[in-house]
Amino acid sequence: MIPLSHYMLISAALFSIGIYAVLSKRNAIMILIGIEFMLNAAILNFVAFSKHDKFAASGQVFALFAIVLAAAAVAVSLAIILNVYKYYKTIDPTKIDKLRD
Amino acid sequence: MSLLSLLIFLPIVAGILILLLPSAWQQRYKYVALGAVLLQMLISAYIYINFDNTLSGIADQSTFQLVERIPWIRLNLGALGNLEIDYFLGIDGLSMPFLVLTSLVMLVALLASWDIQKNLKGYFALFLLLDCAVMGVFSALDFFLFYIFYELMLLPLYFLIGMWGGVRREYAAIKFFLYTLLGSVFMLLVIIGLYFSVTDPETGGHTFNMLHMMNPANYAQDSIFSVIAGQEIFGVSARLLAFIVLFVAFAIKVPIVPLHTWLPDAHVEAPTPVSIILAGVLLKIGGYGILRVCLSIFPDAAIQSAWWLGLIGVASILYGALNALAQRDLKRLIAYSSISHMGFVLLGIASATSEGISGAMMQMISHGFLSSMLFFLVGVIYERVHNREIPNFRGLALIMPRYTVFVMIAFFASLGLPGFSAFIAEAFSLIGAFNSQSINGLLPRWMAVAGSVGILLGASYLLWTLQRMFFGETRLWGGDEWKAKLTDVNGREVFALTSLALMSLALGILPSLAFDKMNASVLELIQLMNIR
Amino acid sequence: MNEYLPYLSELLSEALSGISFILPEIALVLTFLLVIVVDLFIPGKNSVNTSAIALTGIIISAYLNYQQSLSIEKGLSLFSGSIVLDRVAIGFKLIFAFVTVLFVVFIKGNTALKRHNKGLGDLYMLLPAVLLGLNLMAMASNLLMVYISIEMVSIASYLMVGYVSGEGKQTEASMKYALFGSACSAIMLYGMSLLYGFTGTISLSDGNIIAQLSHIAEPAIALAILLTLVGIGFKLSFVPLHFWSPDVYQGAPTPVTAFLSTAPKIAGFAILIRFLIPFYGYGAATGIQVFDFETTITVIAIATMILGNFAAIWQNNIKRMLAYSSIAHTGFALMAIVAIYQNGIRSLLFYFTVYAIMNMAAFMIADQVEQRTGEDDVRKYKGLGKFMKVEILCFVVILVSLTGLPPTGGFIAKLFIFTSAFEKYQASGSVWVLSLLVTGAITTVVSLFYYFKIPLNAYLREPDREYPVSSGLNFISYVILALTILIIVLGLFPSILA
Amino acid sequence: MDTFTKETISLLALIATLLPLFSFAGILLVPGSRDRGSFFSILNIATSLLISVVIFLNVWNKQPIHQQFDWFIIGDWRFKIGILINNLSALMLLLISFIATLVHVYSTKYMEGDPYIFRYWAYLGLFCFSMFGLVITDNLLLLYMFWELVGFSSYLLIGFWFTRETAVQANKKAFLMNRLGDLGFLTGIMIVFSQFQTLDVNLLFSEGGFFKRSLVQGDLWYFSSNHMPAVWLTIAGLAFFFGATAKSAQFPLHTWLPDAMEGPTSVSSLIHAATMVAAGVFLIARIYPIFNPTVLIVIASIGAFTAFMAATIALTQNDIKRILAYSTISQLGFMMLAMGVGAVAPAIFHLVTHAFFKCLLFLAAGAVIHELHHLKDKKGLDFDHQDIRNMGGLRKFMPITFITMLLASLALIGLPFTSGYLSKDAILIQSFEWAESQGSIARIIPYTALFASWMTAFYVARLIFKVFFGELRLNVLFGQAFSLHEAPVAMKSVLVVLAIFCLFPLFSLNPFHASHAWIIEGLPYFSTTPTVESYHILIPAVVSIAAIILILIGYKWYGKNEKAPDYTKAAVFRFSQEQWYLNRLYKVMFVDSVLGLARTAFSFDRTIVDGIVNFSGKIIIVLSAVSEWLDRKVVDGLVNGVASVARTIGNFVRHFQTGRLQHYLLFMILILLTFFVLKYFSQAI
């Protein structure tokens, strides 16, 4: 059996990669993908922990819901990014800064 | 509905009436306002006449007069207990004189606003709202109610200065607002602290009742402001800190050096009637607050800091007078003279002697009448030629003889000529301050002596102004055009000025008119301060 | 699976019995469906039908909520502890319903939205959905429910912000909102997964969760909780999660901004309270602090108050200024969170009610000004006092209330917050709490700077262009007037809300 | 006339006091009464005079009258006011009302034709009221009030011709200097009140009064249960004396009096010669027990010095009124000296005699000025009608004026058979006796006074000879022969009446010895110095003989034809003519420095106090938006220091609002990490 710590390490790595992507990519879609990485890190955790939660298996339920909601969020975000492209002709977030102080 | 409520809400009713009247009638608004203010004047005169001199007030509800106590806000805050706020009004010797003062000053201010042309509806509505708030402050005995009225004064003043004021009115208005708010926000914190510290002996719940706050027995054992517990914040006694916070809040209003810089700006930029109200009434709220709140609720801290209060008083007297001496703008000069005169109030209060506190009260009343008169007088020439630089005028006595007579009365009365109220007031503030060393050892004697130098300086700037502006051959900066515009005072102005001068004269010759009414309260207050 | 079979019927019957307690939410679901259907079959720009249906549904739901408030005495745990229905939750739900109704009115008064070629059906469709999400946020009592409800509100909000997308700024706002929000919720989810791992349960009402946590190393707990707080903080937009809000508020259509700065924020507080209470309760019972919420939230509150108020000074765009002001108010309300007691929530509820009214009214007026003069720059408000007499007068009252001066509801609300914080100080003597109070007081003065820019321009300055003598009153003006009067009445007689 | 009860007399005194007030109020307030101002005023003051006579006859050398009423209550303390008429106040009352009546009569002619004459009558009324009040009141506070009112009416009268720049300067100066003295008075009152809890003159200063019962032990000054450091007793004495110094124009507060000559001459004679300036002497007599020996020495020294200094200045002045003014100062110095050496009764005696002869001198000078002024107006000439260098030979035109003025001058010099001889020699004798008992250094004081007395003879001689002898110098100046007239009857008769009062019989039957003068006998003698018989012969002789010699020198120099040696270049002469440069010194020392201080305070206010608030943290702002800030945003209602700091902070946080999504996320994560690390790992690091 794979020890729990391995799951956690992988999930932490995923999470970190996600954050890195979110912070560094010059493309909104890539940011979205980074967010997906982070979400999946969490979902992996849930599933892994759920093994030790025999009775309720809440973790698994949680993972399912999270996948669904993540999909919805991504769909909405993609639509919005599309819209942005319509007006800015770019999806580089560093160039989309009309709203600022 | 009792008289006090009537006094407070009468202006509001008139204000609403004005708001509802069509704009086509805007020339009649002032008559509505005049009616309200006159009625108010009658009511306060009635209150004055029927005031029982023997009842002392201060900390005992049964010796207050015209008491009105209606449960107002009752809110269950769960673990915080019940929020109990009363609509609690009442007057004693400390507050009653101010009601009379306010109604007269308001009347004069209204007469001074007779020629206001801009946005009459807004002007009179705000004016009356201010009137209401001031009356409320002087009659509220519930700290929460007091605070509401106290803050309610700010808004109308902001707009009155800001909309009808002079060139730098925006600056002056916001400066005034900020200064006062800075003081009052922290006051709110102390009020909340007091609320938690004090319990109502009848119901056992926390209370905002100021009278309960004056009795040390009502403080919960371990509460922050408990006299016995002696809690500390940052190593300073909590009670002392609270006293300082409250004192600063009120002292900004008084104002004291160095928290005074709003005053010259506000006075100078404000339209004449607002300057009259500011100087005539609002500054007194500071002094009244110090007596009613700081001294009565925190007598121990007051005694502890009396030396500093006295010092601030002396500093204000001298500093204000010196500044006045350097002014070229007549209105600014008078504004600085207010700082100087209000310094006597603080000095008298700090002495904690019956002479000193009575003198301070008298000084507040006297200054109410006289500064109103002075600002009214400035308004007279400003209205005519829109200028009030002292060097631009000379020899006004020749073209405006009656005006000059009033100026002389006002100037000499304010510089403490015997026969006028300011003399009695300043003399007794100083006597009290001097006496303090022998009676309670609070103030060193030199403070009184130093303060008396203010009398000399006061004479200097006023006489110098008199000499520069009114005597000599007529020579005006605006030439013949001004000469034609500078007509002598008219009937309305004479009425306003005469009534103020007569009040000052009456109080100067028969100080008992005021002293008799406040004596019991002053003694009670001193008693209260010495109990602990 | 077999091992769970014996419990199945029990679970089912429990779920069924719970249904009677979620009637308001069911009403919303039905409304949601109905609006979709109607919008599908009666398309076009005329959205009267959809709006009427949405409004009716919301009002029915609110009425049901009200009915519940009469019958529910103490908290009920429903659906295996997923949601809790108690008086606090109902209070929050009523506020949400109120805000949403105002939102509908607001949309109806906004010409820019009305003119939109897509029609408003979709927007009205979103309303029941978002309200449902808000209601769930108010009731959520396990991590899953927290996550679901937050996501529900978030997704609907992303859509609303980007709804009109008639110009670049709006799309930019919606993109920032969506990406920032998604990132935050991802972080929160990670934090929740850790919490789940540490405790083995997702229930928040279960006292065990804390007991379990107390065995874990402190930094680990702190990390999990902080990450979770990120998601909640995104809704509250407290420091350092406030960055999105000025940009989004400025870019979004004004009614949406008004809504976003009100309802989801209050809902965020509801969740924060649910999240915190077990910790406080455990701490009070055992004396063991698994996480130092007091310091954390104090620091956040102070930073938020300072940032919100001080940054607002520089703003000239009214919406941006109000955005910072709402950040500032978050900080202020957090003060009460620090001091929260089981029943101190009442004063917080009062605060939120007043805040909802003030905020909605402020945005409505700003919107009216923008519609009639085309200005959203405060410096261009010169001389408006004579043009839009009633609206600007109301604005002044609302601003006074936002500053927290008597005799308005804002003052009483501020007093309550100060009161509970002071009580906390008196009980704990903590310097942190004292500094909270002092910050609150100072920032009140600071707030005067920017709030009073509006009357300063509107009244104290002469207009630099010609206005017609006076603009008439429309429906929204009366709503604004009513809200203003309500604020004053709440200031004089706060007891009516109890 | 002993039939009057105490109450009646008090009432009479009250009426006498209030009558002039009625003239004041009536003339100013009752419409139409302005034209009849003179009649009204004279009627009132004459009635007052009549009443004063009655009071005097009923009180002099009888039981003093003391009536009190409650005025107000302050704290526990019942404040009473009342009337205290003893010998001193009865005498003063009589003196003032008498001289005031004469001056009123004189003024009907002297002020005739002035367009604002009604104000003159009104102000005179106010003055008389205040002066009466001052002498009859029994309470220090009330005394102080009248003291100030007297100053105020003097202010009004000096500035009567308010279009003259010099007049308004002078009245301001007079009022302010008196104010300065008033501070002393007030301080004294505070000390007395603090120690005794009463301001009742009778309680405090009578025989067996509180002052006699208080005692100094060691460093403390006790009275019943109160005590304060003994130095306050000295301070109290000095403070009251300081008040008297201002009112009685003693060094160093004397400079207002010569300037006060800008007022009408009739005013100068009444107020600045006879009555008001004597109030300081009166005050000291009234509260004499308060002065301890230290203070008395100060009083004596200041008095002697003033007498001397003013006399030296009078030597060289050319303005006729100014000479008289300095002579007044000098004579007041004699009175103060007398007070200092314990000669209270001689001091008051001198006060009375001086009142008559100095009033006469002024009125006669007024007559001269009046005539010259007439001449000036009639012929349209331009010359200084008060400058004695323009006069001369007037005795031919104005014989009565000349004779009366001569009599007054002799009295002023103190030659035998005049009233001045009696009073001044009494003072000199007593001061020598006092010096004898005090020791060597104290001798300077009487000798100074002696010199002053001699100089008096010289400058008076110079005045008289220059004005009345020789030829009218105007004739030389303008090259034509002018002729002048005698003063009108109203003025002339007043001069004659006053002249009678310059002679000895009215005061003492023995023309050479004052010790049996009725005034001296009727007043308290505080002196304890032993009598030195030789002085009583020696001093009058020395004074008189020297005076006569000096008069002769004066005659030689100024009388027939100008043979005076020219000293005008001499430093001493300049020093004297420039009035010891005191005016300039005061201007630099006080006026300029106070104004400078005021300006400093104001700029301090503008820059520092406001600035501490306004400019803290502004430096950072300056970097961002200096220009914008200054012109537009200053007014944006964001100006105060709080604002600056607030804006600075606000601007700082604004830098993070870059508009870039990823920055936001980065900042967020960094802040969270920082917090986390600080919170949980700070100890580790």
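Things to note:
Going by the order they are written in, the chains are A, B, C and D; count residues from 1 in each one.
Convention: a residue touches a chain if its C-beta (ideal position, glycine included) is under 8 Å from a C-beta of that chain, and two chains touch if they have at least 3 such contacts.
Keep in mind it's a predicted model, so treat the numbers as computed, not measured.
Farthest from chain C in terms of Cα centroid separation is D.
The chain pair C-D and the chain pair A-D differ in C-beta contact count, and the higher one is C-D. The most centrally placed chain, judged by C-alpha centroids, is B. Each chain gets a centre from the mean of its Cα atoms; for chain C and chain D, those two points are 77 Å apart. Chain centres here are Cα averages; for chain A and chain D they lie 95 Å apart. Averaged C-alpha coordinates give centres for chain B and chain D that are 36 Å from one another.
For the pair chain A and chain B, the distance between C-alpha centroids works out to 65 Å. Counting only residues that touch two or more partner chains, chain A has 22, 31, 93, 96-101. Shown for chain D are the residues in touch with two or more other chains, namely 636-638, 642-643, 654, 657, 659, 661, 665. Chain contacts: chain C has residues 175-176, 179, 183, 246-247, 311, 314, 445, 449, 452, 456 touching two or more partner chains. Here, these are the chain pairs in contact: A-C, A-D, B-C, B-D, C-D.
The touching residues of chain D, when paired with chain C in their complex, are 636-638, 642-643, 646-647, 649-651, 653-654, 656-657, 659, 661, 663-665, 667-668, 671-672, 675-676, 679-681. Of all the residues in chain C, the ones that touch chain D in their complex are 175-176, 179-180, 183, 218-219, 222-223, 226, 230, 239-241, 243-244, 246-247, 292, 295-296, 299, 306-307, 309-314, 445-446, 449, 452-453, 456. Per the touch definition, chain D reaches chain B in the complex via residues 71-77, 141, 144-146, 148-149, 152, 159, 162-165, 167-169, 172, 175-176, 179-180, 182-183, 186-187, 189-191, 193-195, 226, 228, 232, 594-595, 597-599, 601-602, 605, 609-610, 612-613, 634-640, 642-643. Interface residues of chain B, counted against chain D in their complex, comprise 168, 170-171, 173-175, 178-179, 182, 257-258, 261, 319, 322-327, 353-355, 358, 395, 397-398, 412, 416-419, 423, 427-428, 430-431, 434-435, 437-438, 445, 448-449, 452-453, 455-457, 459-460, 463-464, 466-467, 470-473, 510-512, 515-516, 519, 522-523, 526. Those residues of chain A that touch chain D in the shared complex are 19, 22-24, 31, 93-94, 96-101.
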